[in-house]
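In order of appearance the chains are A, B, C, D and E, and numbering begins at 1 in each one.
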Amino acid sequence: MAVLRTFLYLLVYPGILFLFAYSTFSEWFDRKVYARLQNRMGPTHTGRFGLLQPIADFFKLLAKEDIVPEAADKGLFNVLPAISLAVVSTAALLLPLWNFDLAKPGLTSFSGDIIVMLYLLSLPTLILFLAAWSSTNLFSTIGGARVLTMLFGYEVPLFLAVLSPAILANSWRLAEIAAFYQAKPLLLLVNVLGFLVALIAVQAKLERTPFDIPDAETEIVGGTFTEYSGKKLALFRLTFDIELVVASGLLAAVFLGGFPGGVVLGLILFVVKTLFVIFLLSLIRALTSRIRIDQVVAFAWKILAPLAVLQLLATILLKGFLS
Amino acid sequence: MRVAAFLPELLRHLFKKPATVDYPFKKLEVPANFRGTPYLRPELCIVCRACERDCPAEAIEIMAVNEAEKRFRMVIHNDRCIHCAQCVDSCPTTPKAMQIDSLYELAADDRHKLKKDWVYVRAVMKPKPAAPAKEPAPES
Amino acid sequence: MSDIEIVESLKRDLGEKALELTNPDRRRVFLKVAAPELVPTVTLLRDHYDSTHLSTISGVDKGETFELLYHFASLAASITVRTEIPRAEPRIASICAVIPGAVLYEREIQEMFGVTVEGVPDGRRLNLPDDWPDGQYPLRKDWKHVRPEEVIPGGKS
Amino acid sequence: MLNKLARWSRIKSPWILHLNSGACNACDIEIVAALTPRFDVERFGILLKATPRHADVIIATGPVTRQIKDRIIRIYEQTPDPKFVIAVGACAMAGCVYRGAYNIMGGLDQVIPVDMYVPGCPARPDAIIDGVVKLLGKL
Amino acid sequence: MSFQIPIGPQHPALKEPISLRMTVDGEVITDADIRLGYNHRGLEKLAEEKTWVQNIYLTERICGICSHSHATCYVQAVEKLMEIMPPRRGLYIRYLVSELERVHSHLLWLGVAGHEAGFDSFFMYTWRDREIVMDLLEMISGNRVHYAMNTIGGVRRDIDEGQKAKILEGVVTLRKRSEYYFGIGANEPSFVARIAGVGMLTKQQAIDLCAVGPVARASGVARDVRKEDPYAVYDELDFNVCTSDSCDVLGRVVVRVMELLQSYNMIEQMVKGLPDGDIVVKAPRKAKPGEALSRYEAPRGENVHYIKSNGTDKPERLKVRAPTLGNYPATMVMLKKGFIADIPLIFAAIDPCICCAERAVTLISARSGEESVVTMSDLRRQALDRSKNTPVKGKSVWPF
């Protein structure tokens, strides 16, 4: 039974199948919202309302010829997309989606999982950098350098912002943090600032406007992905979709009170809350223009980091006050 | 400087109908005097070759099939035509032997499919009310 | 200053050097000078006639000679300085020192007519393709282009 | 089954690469206009891609100047199979008014194979969509 | 570490082919180079083999954005050579189309500037509204872009009352939208941060390098052919030359938006004051020997055509100087000391129409050879050398 359960957990829900379906759905949602904000239709004619569009993109890329540049470091070049997909899928399993039964924690819920999650979310960025580097294309390399530069900018504010609710909840376990805020929903208001900082940092992590600097097509063509085609590109795109889901799930779990209520209600809450976060991310995307790499770093350190520190201070003060 | 100056406009459009036209499923209307594709009314053509001479894109070709019988062949190469309607302006007959319609969705997978040709007998010059067009006015 | 006054004033300033000075149209002045006089004339126009803006340089192949026309613009009139150089020895001094913006137009003249512009700051290949043969100057009248035959996929034409 | 899936996805997700081979701009502007709200080709899953590696359909304009000829061939070869080429405008089909000029090859099909021709000078955005739809219908 | 990055000729920021070669140091550009020729079609030579009438359509297709500009500039010169004067109604309609075209071109440019800055929503909105003016132009001329309105001696199509009303109506909407965009452009912080202080060109540099159009005007040089050399109807119209002293991309945006508003005024003046009468006079097939210089303020700046006639039905020489060409030397100055991320913005800020510029010959410098491409760390040089020698399919060095 337990084996079957784990099996189901890994493969169906919230494992690979669900993840695939839901991440393509969220890409569709993101594109659709973005298009509607721009007074356009967005994907419409692929499946009902264009729902199947990301899936069609995925299979199309799978069926395409796969070119490996001669100059590329072939081993790395080939294996990196799969690794990054594996990494984000693992991160997805850490989402407190099903087994948030605090008494008997499952395999994927343990104290400190929030740290592991943040770490796993940093990995794709590093992999991206390696991928760019291994393709030895000039534009990719510039993209790769930008990826790293940005990483140093947003990572610290993101950590600070996400960890301060954890400090307040006095736990390093996502499920517990969520449970804490479910018990005291008003305390969520304390973290609004942190939520905003984390939202912007996640936008940067996902390399979306205004932080789409590493693959700014008007500047450096395809950026990090310039040389990737076919299956590998498909895997990278899926990675980003899953990362979008995971990151918004993380924010929802930490800042919006998690997904209580068992499998069915939990699922509904998960969908609603992550879609809300994705909607906010799309809004930011439509609202801003791309900024320059130097501006990103300055912005991250001069505005985001101080705000995150402020949030942290407020949390610590409040905690002392409460106890 | 306001933060998010664009926000109200964006949100407003979220609930508005998109500006998108439902194109391939609903044809668009073109204005009345749209310049589409030129075509020939062979019964009126007097083979003066004014259109051929003035066409900027070498899109019109007139060949004599049988000089004695006054049989001619005109080919309009739609793959070269720039839809300028200069040929219509140049044609000296009334009503014009060269005319333009409003078709524009002509995409084809073969350039030969874009050619149109007519084989016809040269029309007799009708007695004209005004002076015969010795010098056809290209810009009128 | 109106265009008529410009013509009068140019006559005074240049005297004999103005080989030909016409005012064919409103606000259009055409001035012809000998090739060696070009740079001084351009300097004069820039300093005393407010013609700081060079619109372009045109070249015309007149058979025995090449005619170069420097079109200047000012608030008062468009002054065109015209000079002729022999085809046998097509050389002209650069005016880039006076009008830095002239560099592109001078390179165009070099490439299209095979005129050597002496002292142009940057003399590399211009607009013509990299594989363009040397010694071919497309805007010379004796240069003719032979059209390659058009092959329409799918046979018959 | 797999073939069917591949075919379906190919029809539903044609990513395009826009290639100007010396056009006058008008056709290019109309291609861009096809992306904007009024025509919004994203409805059909069409995305404009920056690099040939990601593209399925090359939409090319212009009469192919001598200088750019080699690059056109290179880009065509860089695009992963299966790939399709749409020639937009009289220039890309047959050289338009530039026929006989010394620096052009006179049309895209003189250089690379073309799958669909869209007449017009410039082709209207809806004519371009029509061309894409006809191409997809052929698949 | 300094290395060169090539941009173009097929590059997503540039809808037209051109090759820029930047020497960059980290993210900062230290030197810039342009290679033109990808769009050179040999049009000046071709024009010598075409008749006066055919050349209208040829010059119109020098460029597809301000197609009317080149055709009008050409026709102005030919009318001078043929010594004919179009009727006033014809002139009004001709320059009405000119101003509508300026509106379409500036709106297009605003959107492109937004796009280059990664501000896609702005791009989508401006282009959506641009469709209004495209519809007006199509209604008047029968084609969205190549209007083919000009003929020697006047225009080819008349405007009726219904069309007049539609134009006025469209202009009202457009004016409202333009003012709104002005507010957005000046207020959206991430956008302004990208364009303020970028691509500096001082007034003296603008004069020295013979910059034209909005680029010159944004550097405080009030150079506008419509005022300086008022051709045709422009001395009857009431408008201002818009300038800005900020000398950067922001200034160029501001100048273009203000010009939009001026154009709306001019359109209204022309529609309301449209004289009665013919729209065209008959032109001879041949022009007398002679020469004419015609200047025209295209949306991007001064457009110059010089025509020499030899008495036949074909020109002896047709020389075209497009505005973008005049702005290249200035662009190279602007690019230096900028960031890589600013290249497309600065470049787009001159509103380049490469096709035009290239019918005239130019370039600032050739892509002189790949040997000098890399001066970076040894590792990178090796990597690039390797990729340089690889066969086409596995080519990893961009651009193609």
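Note that in this section a contact is a pair of C-beta atoms (placed from the backbone, for glycine too) under 8 Å apart; a residue touches a chain by one contact, two chains touch by 3 or more.
Treat the numbers as computed from the prediction; the structure is a model and nothing was measured.
Chemist: Farthest from chain C by Cα centre, which chain is it? Let me know.
Modeler: So the farthest one, by centre of C-alpha atoms, is A.
Chemist: From the centre of chain B, which other chain's Cα mean sits the farthest off?
Modeler: A
Chemist: With chain centres defined as C-alpha means, what is the inter-centre distance between chain B and chain C in Å?
Modeler: Here the centre of chain C sits 40 Å away from the centre of chain B.
Chemist: Using mean CA coordinates as chain centres, what's the chain B-chain E distance in Å?
Modeler: Spacing between the chain centres: roughly 28 Å.
Chemist: How many angstrom lie between the CA centroids of chain D and chain E, rounded to a whole number?
Modeler: 24
Chemist: Mark out which residues of chain C touch at least two other chains, giving numbers and ranges.
Modeler: 128-130, 138, 145, 152-153
Chemist: I need the residues of chain B touching at least two other chains; which ones are they?
Modeler: Those would be 4, 6, 10, 18-20, 56-57, 82-84, 110-111.
Chemist: Could you list the positions in chain D whose residues touch two or more of the other chains?
Modeler: 36-38, 40, 43, 50, 65, 67, 78, 94, 96-97, 100-103, 109, 121, 124
Chemist: If I apply the definition of touch given earlier, which pairs of chains qualify?
Modeler: Those chain pairs which touch are A-B, A-D, A-E, B-C, B-D, B-E, C-D, C-E, D-E.
Chemist: Which residues of chain D touch chain E once you look at their complex with the stated criterion?
Modeler: 18-30, 32-33, 36-38, 48, 50, 52, 62-63, 65, 67-68, 71, 74-75, 77-78, 96-98, 100-104, 121-122, 124
Chemist: Using the touch definition from the top, list the residues of chain B that touch chain D in their complex.
Modeler: It comes out as residues 18-21, 23-24, 28, 37, 56-58, 77-84, 104-111, 114.
Chemist: Give every residue of chain D touching chain A within the complex, in rising order.
Modeler: 5-6, 8-10, 12-13, 15, 36-37, 40, 42-45, 49-51, 53-54, 56, 78, 80-82
Chemist: Given the complex with chain D, which residues does chain C contribute to the contact?
Modeler: Touch residues, chain C against chain D: 128-132, 138, 145, 147-148, 150-153.
Chemist: For a test of understanding, state which residues of chain C touch chain B in their complex under the given definition.
Modeler: 152-154, 156
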